[in-house]
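Structures incoming, each one as structure tokens.
Next come two complexes, and both contain subunit A; in the first it sits with subunit B, in the second with subunit C.
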Partner chain A sequence: MTQQLNGHDLLREEPETPTLTTLPSEIVALRDLVRSWVRERVAPAVRRLDAADAADFDWDLVREGHDLGLTRLVVPQQFGGAGHGIFGVAVALEELAAVDAGLALAFGATMLGQAPVLLSGDPRLQARFLPLFSGDDPVLACNAITEDLAGCDLLIPENAGLAQDVMSAHRDGDHYVLNGSKRFITNGKVATYATVFANMEGHPGATGLTCFVVMLESPGVTLGEVADKMGYRSCLGTELHFAGVRVPVDNVVGGEGDGVHVNIQQMNMARAAVAAISTGVARGALDQAVAWAGDRVQGGVPLRQHQFTARKLAEMAAKVEAARGLYLKAAYLADNEIPAPAFEPAVAKLFADRIAIEVATEAMGLMGARGYLRDHGMEKRLRDALGARIYEGTPEVLALAITESLYTDDDDF
Partner chain B sequence: MCHDSSGDAAVRYVADVVSLHRRLGYRGLVRRVPRRGLLHLVERGDGLLTVAVATRDLPHRYLIGLQGFRLAQYLHLGWVCEDVVYSSALFHEPVRNLSAEDVHILTMNGRGAILGYLSLSAAGDGEPEQLSDPGRSRFPVERVHGVNLFDHVAALPGVRTDQVREVKRFVHSRSLRDKQQRLRVTLELLHGMAAVLATVEPAVRTLVGDLEENVALRHLLLTGLEVQIVEGTTPRLADRDLLHHAYMERASVKPFVAHLPDQEEIAARVRLLQQTLDSASLFDAASLLARTTRGSLTRVAG
Partner chain C sequence: MSAFTSRDQAAAVFTQLFEILLEDDAFAATVRSQRLSVLFVHSSPDLTVFVDADGVRVDAAPHAPVLSIKMSCDDADALWAGRLLLPVALATRRIRVKGRVSQVLEFVPLLQPAFDRYPAIAASAGVTTAA
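So, the complex of A and B:
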């Protein structure tokens, strides 16, 4: 194995295969690089980012992250990317989320916008969009699925026929014309392009769902309000409006009606990464609780020496370890199975989202009143933990995917 | 001729590739190249930055960016067949054609957008050969024109292939419309080229390449080069060769050889170019430079 870190560029060569107990050395190098940057540069800014106006965005930090290669982790090297798979992305996102989940999601959402282009297998589509991330100016992408009346109806194929008022597309010569709106689109306000899912006119509900790559500078695209969220405040969830937006036929991912398939593949790739974000939130809470319980003296001894506290810390640690194991396995499979599996990423996300809330809640309790104060940052971790249950699949949607696999897959350990 | 079987789709693709490279900036390149790899680095306080770096020291994404800039400018000029680019899904010139020792000289603006570029390409990554060896590997210009240039222009005694560089892709960004800025970028690139030639080891003794007489030749003569154009050759490239258009669409592209003075004399020319660039009146200074150091042109039969 040779490892090459050009400056801070996270370029990967000759990847090693992870084992059950060790990360490949290039992933360790990536993890350590991101960890170091996050501790030095992001941690001091977390309180400010969290308290900022909903529409504020810290381009300076994003520029630094871009400089490290965080916007192009999953972009193949032939397009100027770092050439990591979801595995590397997930490890990096855990490090980011351990300090700030919002920033992790800004980079994660970019990967989500890159995924359909990667999955398309269309070399020209890839050549036109993936090198955008290889320059020195930071570039973000986003993925636009969710609408006012349709979220899960666009994710679950069986629901597609029931979806209401879905954004529409019709062909006009060498272009498609898009009309409609999207909501809660992470990076929508700051992305260069979006992968947008719209329903072909004439198809009921979302049965003609099609994925388009849309430059957000295109005439007819307008930005709506930025959502004032409870957590994840350092990334922006935005409305996007499309009024007669003309998109070249070359920008279709797959073909007309392939949107559901693209979306499912994309979700199966992304869920391992989101599970890593939740794991990171949990780990951040655990680390803070461990530090607190090591320093805080009650009854003449540090909290950690009280059996109840020790038990809580141990349970929290076990949960974080288990969540990490699940997302690493899911990410590895997402990188190495075609198509990416549904089961493992859904399990990883379901579990990590849940334990993030449990660990953050427990950690807050351990810190007592301090845990409830904004100054200490634990309540922010809990707010962030709650957010992951909403995006990229609620527990209910994940449960459907998992249960479907239980009845249809006969894979054993 | 260029096949246009892909029609409008190829036109759209090419427009996107050109647009893509116009967006990209590389201001961070200087920080990413090892210090010893910066063969030339000049910034005159107005945001323009000129850098010379060998292929071996360039991170891959910058290499792709430079090769992409080259392709985008040739697409702009109509020197590359759109259908070849489209059908191959190209967005940069192939990196595999580069040698580790090729030197890339580029001028960027404050945003890192490339405004001008030229390369001093090395003979290849193999063992150096004597120019007098009839079996030596050929430089790209020789392969295109089907000629051993040193059959027509005597090689300097004892010179090896690693002491010869091919001047390639002397291009300006098509976005550069201001005449003074164009002249400035031209002079910056020539200054960078001369500075590299004054210091690179082993010392470069001869330049080769091919050019149109009314474009690149004027620039090279500004540096005082004694250019010998080999007449009567015919470039031969396959129809589907990426650069087929570059030769067929232009009036006449001729190979040349230019032997260089010693490095001390080159260093003196570097200083002259430096003075020209430092002048308050660039046009006047460039005219003076052209009058005082203008090189010579001779023609030999090919």
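So, the complex of A and C:
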């Protein structure tokens, strides 16, 4: 297993182009490697991770994932990473989420914290922060945008002027000084750095939103409560407090006031990956339901031979296939267009989030009383499925993005 | 008012700009080693500029480019003159790029000589709004 876990297999040399029916060979290798690891190492731990205290975090599993390359999938090879795009990340996250969505999100949130540094196109910023993920010890990152009074107001540009009490930044010599708090920050408690969005003083609402890379060991940064969540319990959502935190000018991503643009690009990339997580949750539920319906005998035959059960399984399978097709297309486009398109990732996430709930609900019902028991794990899949509707765009926010695209001629290039 | 008074003026400025870029050792080496080709698709006035190791061609693309970059001539002028920041231009879709993102991210830093030289090239060609 150790040799299999060696990151060399993950390195992307000369990438092939996916077709409608095939994945490139290096993506198949990545998928199989992650699938094998999660089945062998993560699956036995899922019940324990789910039942653990809200603030517990399994660094041992993260270390194994790090050895596999999961903390640096999108980091370019020149910085010691695997050099994959969102396509590779998404395929890996489906495999993780099919067993444990929380662990998938811990690695996914790290990619989210890497994305602004990557997208900045700033070689100095990249050279300072991206090699952090290629050392012997696991390093995680996070992206800090959500606040107590501002969630969607920081995600929807038209709302920026209306945002209230947004974390502030002001220039002081060759530093910026940050003051304020962030909430529900995945990996906040365990990350080495955060990409933090703060509003430049003097700009109303969030109209001066600016992205900073902040080392979380910096003086003035304190960690608040870990959220006691319904699902996704193996990753931690945390409050982060910033009191007079001094950040070097060189840590600004893009430029002063460009945070909204950084965030839009980052979101469009991330939504394909989150769609893959929801697809993974749905697939995990489907796999478990298929196994159950194949073994469980009622009326003298396995459940799957009952026409009504067969219809349910078929519908569930069709939904998972469709969700996978949508996220693969969105991820491919996100890897091949700048800016990443808004439409396809939003469609993929909207659909995958919905069908994950539908498939997990059907699968739970199909298992009867056992589906409702913690022992069998199906109820956990349903709790996880509900979570993805909240982060990286609720259905309502996604609908705005999708509908805007429907009215925008975007096919001229 | 448009930065360029004619299509010929824009073609001359961008041809000179990319010919200078091809003289830069780092840019030329990357273009050769990665078989990189870039098609700049400009509008208002409309023209395309194809750049690869063999040179610069206006309105002629000998093969499909590795990267395609679309922007108006005014935005191109603002970009190369330093008035339009690339991250902002990309996020607001004033500039759009097709091609592998990882390759684009490697490519962008190599463009620095073009940023350095553009103001002088534009000024000598009579481009009106270049800073």
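In this section, the second predicted complex is superposed on the first by the 400 of 413 C-alpha atoms of A that agree within 3 Å, B and C clash if a C-alpha of one lies under 4 Å from a C-alpha of the other, contacts with A are read in each partner's own complex, and residues count from 1 in each chain.
In this section, a residue touches a chain if its C-beta (ideal position, glycine included) is under 8 Å from a C-beta of that chain, and two chains touch if they have at least 3 such contacts.
As the structure is a computational prediction, the values presented were derived from the model and not from experiment.
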- Task: State whether A:76 touches subunit B only (first), subunit C only (second), both chains, or neither.
- Result: second
- Query: Between subunit B (first) and subunit C (second), which does A:392 come into contact with in this model arrangement: first, second, both, or neither?
  - Reply: neither
- Touching A:123 in the superposition: subunit B (first), subunit C (second), both, neither? both
- Task: Name the contact category of A:254: first (subunit B only), second (subunit C only), both, or neither.
- Result: second
- Message: Quick check on the superposed pair: does A:336 touch subunit B, subunit C, both, or neither? Answer first, second, both or neither.
- Response: second
- Task: Have a look at where A:95 lands relative to subunit B and subunit C in the superposition and call it first, second, both or neither.
- Result: neither
- Message: Which partner chains sit in contact with A:384 here, subunit B, subunit C, both or neither? Use first/second/both/neither.
- Response: neither
- Message: Going by the contact definition given at the top, which residues of subunit A touch subunit B in one complex and subunit C in the other?
- Response: 123
- Task: Spell out the residues on subunit A that touch subunit C in their complex, using ranges where they run on.
- Result: 15, 76, 83, 85, 118-121, 123, 254-255, 258, 260-262, 264-265, 334-339, 413
- Of all residues in subunit C, which touch subunit A in the complex? 41, 68, 70, 85-88, 90-93, 96-102, 104-106, 108-109
- Where on subunit B is subunit A touching in the complex? 8-9, 12-13, 16-17, 20, 23-29, 31-32, 59-61, 64-65, 68, 86, 89-92, 111-112
- Task: Please name which positions on subunit A make contact with subunit B in the complex.
- Result: 6-7, 9, 11, 67, 72, 77-81, 123-124, 126-128, 131-132, 134-137, 174, 248, 250
